[in-house]
Amino acid sequence: MKELINDAEHVIFDSLKGVAAAHPDTQRVDLDNRIVYRAQPPRPGKVGLVSGGGSGHEPLHSGYVGAGMLDAACCGEVFTSPVPDQISAATNAVNTGAGVLHIVKNYTGDVMNFDMAAELSAAEGVEVATVLVNDDVAVQDSLYTAGRRGVGLTVFVEKIVGAAAEQGRELGALKELGDRIVANGRSFGIAITPCTTPAAGKPSFELAEDEMELGIGIHGEPGRERVKLGPASDVAHQLVEPVLADLDFTGAPVIAMLNGMGATPLIELYLLYGEVAPLLASNGVDVARHLVGNYITALDMGGASLTLLRADDELLDLWDAPVNTPGLRWGC
Amino acid sequence: MSTTSLEKISAWLQEYARVIGEHEAELTDLDREIGDGDHGSNMVRGMRAVAGLDLAAFGDAASYLKKTGMTLVSTVGGAAGPLYGTLFLRMAGQLGSGDALDTAAFAGALKAGVEGVTQRGKSAVGDKTMVDALVPAVECLEEQASRGAELAAALPEAAKAADAGREATAALVARRGRASYLGERSVGHIDPGAASAALLIESAARTLV
Amino acid sequence: MKELINDAEHVIFDSLKGVAAAHPDTQRVDLDNRIVYRAQPPRPGKVGLVSGGGSGHEPLHSGYVGAGMLDAACCGEVFTSPVPDQISAATNAVNTGAGVLHIVKNYTGDVMNFDMAAELSAAEGVEVATVLVNDDVAVQDSLYTAGRRGVGLTVFVEKIVGAAAEQGRELGALKELGDRIVANGRSFGIAITPCTTPAAGKPSFELAEDEMELGIGIHGEPGRERVKLGPASDVAHQLVEPVLADLDFTGAPVIAMLNGMGATPLIELYLLYGEVAPLLASNGVDVARHLVGNYITALDMGGASLTLLRADDELLDLWDAPVNTPGLRWGC
Amino acid sequence: MSTTSLEKISAWLQEYARVIGEHEAELTDLDREIGDGDHGSNMVRGMRAVAGLDLAAFGDAASYLKKTGMTLVSTVGGAAGPLYGTLFLRMAGQLGSGDALDTAAFAGALKAGVEGVTQRGKSAVGDKTMVDALVPAVECLEEQASRGAELAAALPEAAKAADAGREATAALVARRGRASYLGERSVGHIDPGAASAALLIESAARTLV
């Protein structure tokens, strides 16, 4: 175990102390409940946006709390979803009467805990709707799995729905918008080195020097397949093809994200994007907006994921709207 | 239900907390193989909180089990939190406050709990989850109850059934929870939740006597 | 060697292709010369700002090319300074007649190559001044060393002098400003895991599970001392104390940066900042502005560095001025 | 200087390019220990470019050496680029275009080159740099020249002196370049630049005969 921590049990609390110290002007941290709020409560009539999940994916989610994105993020233990009381507390706190939207990544634990939280808040008269993000094409969406995982697209949902909430749209409309993004977005990820959780203290899996995992998620879980690690030009194909095979991304402006899993240096991420971009173009994909960097990580895992969203003018406008969070900032 | 039942149930969960602590690394390792490597620390966090509950605050086993369920829900997180939480909440609901803790009563309560788990988890036997250890235990207890067996005699049999259910998960392809993402690659590994569930029944066999 | 690259020899070229694809609106990449320019040439009369150095420290330097910071960055091979022709080409290209400021990290190779470039450009009539950044307190500044290394403070110099250049200040004034920042800034770094350069394909050093290096630079070079890795609360002391011992940071507003070396997850960096911030406060340091994140890295090294700048109102104003680069963005 | 000198100098640098290629990993490893692990790849990049120069484009050894220096400066980067570049540029300046390539001429040219290195690098013998291999070679050549030795006889001696200088760097505390950051921790490691410099003189001993 090689980590800059005090002890594995207090990682979340200790790290949130740092968040509080780092962003005092824009965020407020409820250390007891492990909730990161915007420093300013939502203005009357605005729908509250709450997300959260296991920690270890930073900047997701707490790094996306701020003007133009989330009102609150609930931080679970590392790779463990937050608990219902916590989520319900955040939900109640950001409810102005206009209701609260939960943005939930599709994992059994997250779904159950957010569901129970929604029930708790509903019992207190808070209207709650949920957008379930399930964009990972590595997982078959069938009756015989827990369904597709929610991964990179979560960042897009939080940004775009966040901008729409800022405009004063209503809860139902925001849920519809979120569902539309989910219907039109897909992701796929690869890993070349595993990650180590503070609690386990051991790498999540072992990979030989010349191996990579295809179809990994964001929790250090092994992927669907282990293959030889080739040059970045091959990796680009391995990232792009499963995504394009799952949904038609031609004939519409696309928002793309090449995301680093945590330990992959930016120089490699750019290099990979240099392979991915022409590949997308040659497949008729018109990338109108894009991000290259670490936006949703798995601790110190080495690797990358690609997320594509089939957008339209409305989604692009919402994408371009000002945002001021530790993890994404533009227009202000 | 008598104070004795409360004390017995408490002894069971204290023992379970101890055993979970002992097996933390093992559970986490199982979860590293086909999940995300946190099941051990999740269960330890939850059972430590349960073990810390003040027995004096409870009038009967049902209210203690209810608090146990709520404590697990609000401390564990992940999949295990709501599932184990539901297990104990439903057990509490089933156990009337006056019931004696005999084989039938315990079987009935556990059955209600496990039904809560399968409902919440939309899971069934064969999905390679904790359900694969819990359902055989329930079935065994029901069968023993129908034959009029004492709880002290029935539970060791139920623990064997749970252990067998746990072992059998190794051969299965996971269809629920994180391990389902692995598809065929999940075969050959014991499910961590089935392992913690088998420990729960084993703990009962050592304490509910 | 576990990297997302095509081959070690073409890493810089390939990665710059990705930079070109990633930031077409704000940057222009001269692939032949490995120079990243702002998409818009400097407006007449503005002093050109050129920096550069070995690659592998991304986002530094190319990520700081854009409005409010650099006009051009020269990318050397991994951990190898750029060459004079390249630097001179960038210098000449951003010269509007107002002269060009070189921001150079103090390494023998960088100093010699920038010097030769300045001579080449001077021979073509370009006025060149140089700010030499040497903020690393881990190195003794004596006749018997190459002097202190330039590390994290480089980000501050590029930001603050960049803002001043945008205001239309003259070359001499900008050099003075840069020198003032250098005189008032200090850094110190630690590593818990080494980095692997594509060319070497092997870790830069070996560290046992319970060891850390104190006083590392940004090139995977070993530090001055190897010690036991303690809890983050100890690491915070190990980072803060050498910096405070070297310069008085009380009685003035301070700009602070807790920088990740590349592979350290953000959750750990925040956790460490949660220890560093109160330690600074208890030492009478008034942190007025701060950054927590990966700003100057050493490929996939695990670790962190602390940079402090003793500022004043002018420096804070320049710090707050709008900046729009891939690596730093605010106010626009 | 005769065409023969040009061909000889070219043979030297072709041989040096070959030898650098052969020792790339070794040089990089030395640099990993007390530097930043790039000296091998730096030198390979530069010497590959030098080896690719078209001999037909040069009228004499001096112009070829000048181009070699410029090529190293514009392809190597780091500390080695300007330093080795300066070495060859100064050698070119010292070697008149008519000079024969005898021991005195070569010693004089190399001396001018090495002085260029110490000026640019502000370094001296004992600083644990390439200078520690180069200066002994120059001194040896000068001494041999004063005794009227042939170049073919002098160079093997100079190579031995350079090798000895390289070995001696192990005992030194670095005072220039990246290794100086390590202070006392640099002791026990051979300087990578001294190693590449010793290879340069060894290559000369094999080709300038």
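A few comments on the model shown:
All chains are identified by letter, namely A, B, C and D, in their written order; residue positions are counted from 1 within each chain.
Going forward, contacts are C-beta pairs under 8 Å (C-beta built on N, C-alpha and C of every residue); 3 or more make two chains touch, one makes a residue touch a chain.
All values derive from a computational prediction rather than experimental measurement.
A separation of 32 Å divides the Cα centre of subunit A from that of subunit B.
We define each chain's centre as the mean of its Cα atoms; on that basis subunit A and subunit C are separated by 29 Å.
Averaged C-alpha coordinates put the centre of subunit A at 54 Å from the centre of subunit D.
Separation between the centroids of subunit B and subunit D, computed from CA atoms only, is 74 Å. Residue positions of subunit A touching 2 or more other chains: 78.
Chain contacts in this assembly form an open path, with each chain touching only its neighbours along a single line.
Interface note: chains touch in the pairs A-B, A-C, C-D.
Residues 1-7, 11, 14-22, 55-56, 58-59, 63, 78, 192-193, 209, 229, 231-233, 235, 262-275, 277-278, 290, 292, 294, 297, 299-300, 302-304, 329-332 of subunit A are the ones touching subunit C in the complex.
If you check the complex, the residues on subunit C that touch subunit D are 8, 54, 76-86, 107-109, 112-113, 116, 138-140, 144-146, 149, 197, 199-200, 202, 204-205, 217, 219-222, 224. On the side of subunit B, the complex with subunit A involves touching residues 28-29, 32, 34-38, 40-42, 45, 73-83, 120-121, 175-178, 180-183, 185.
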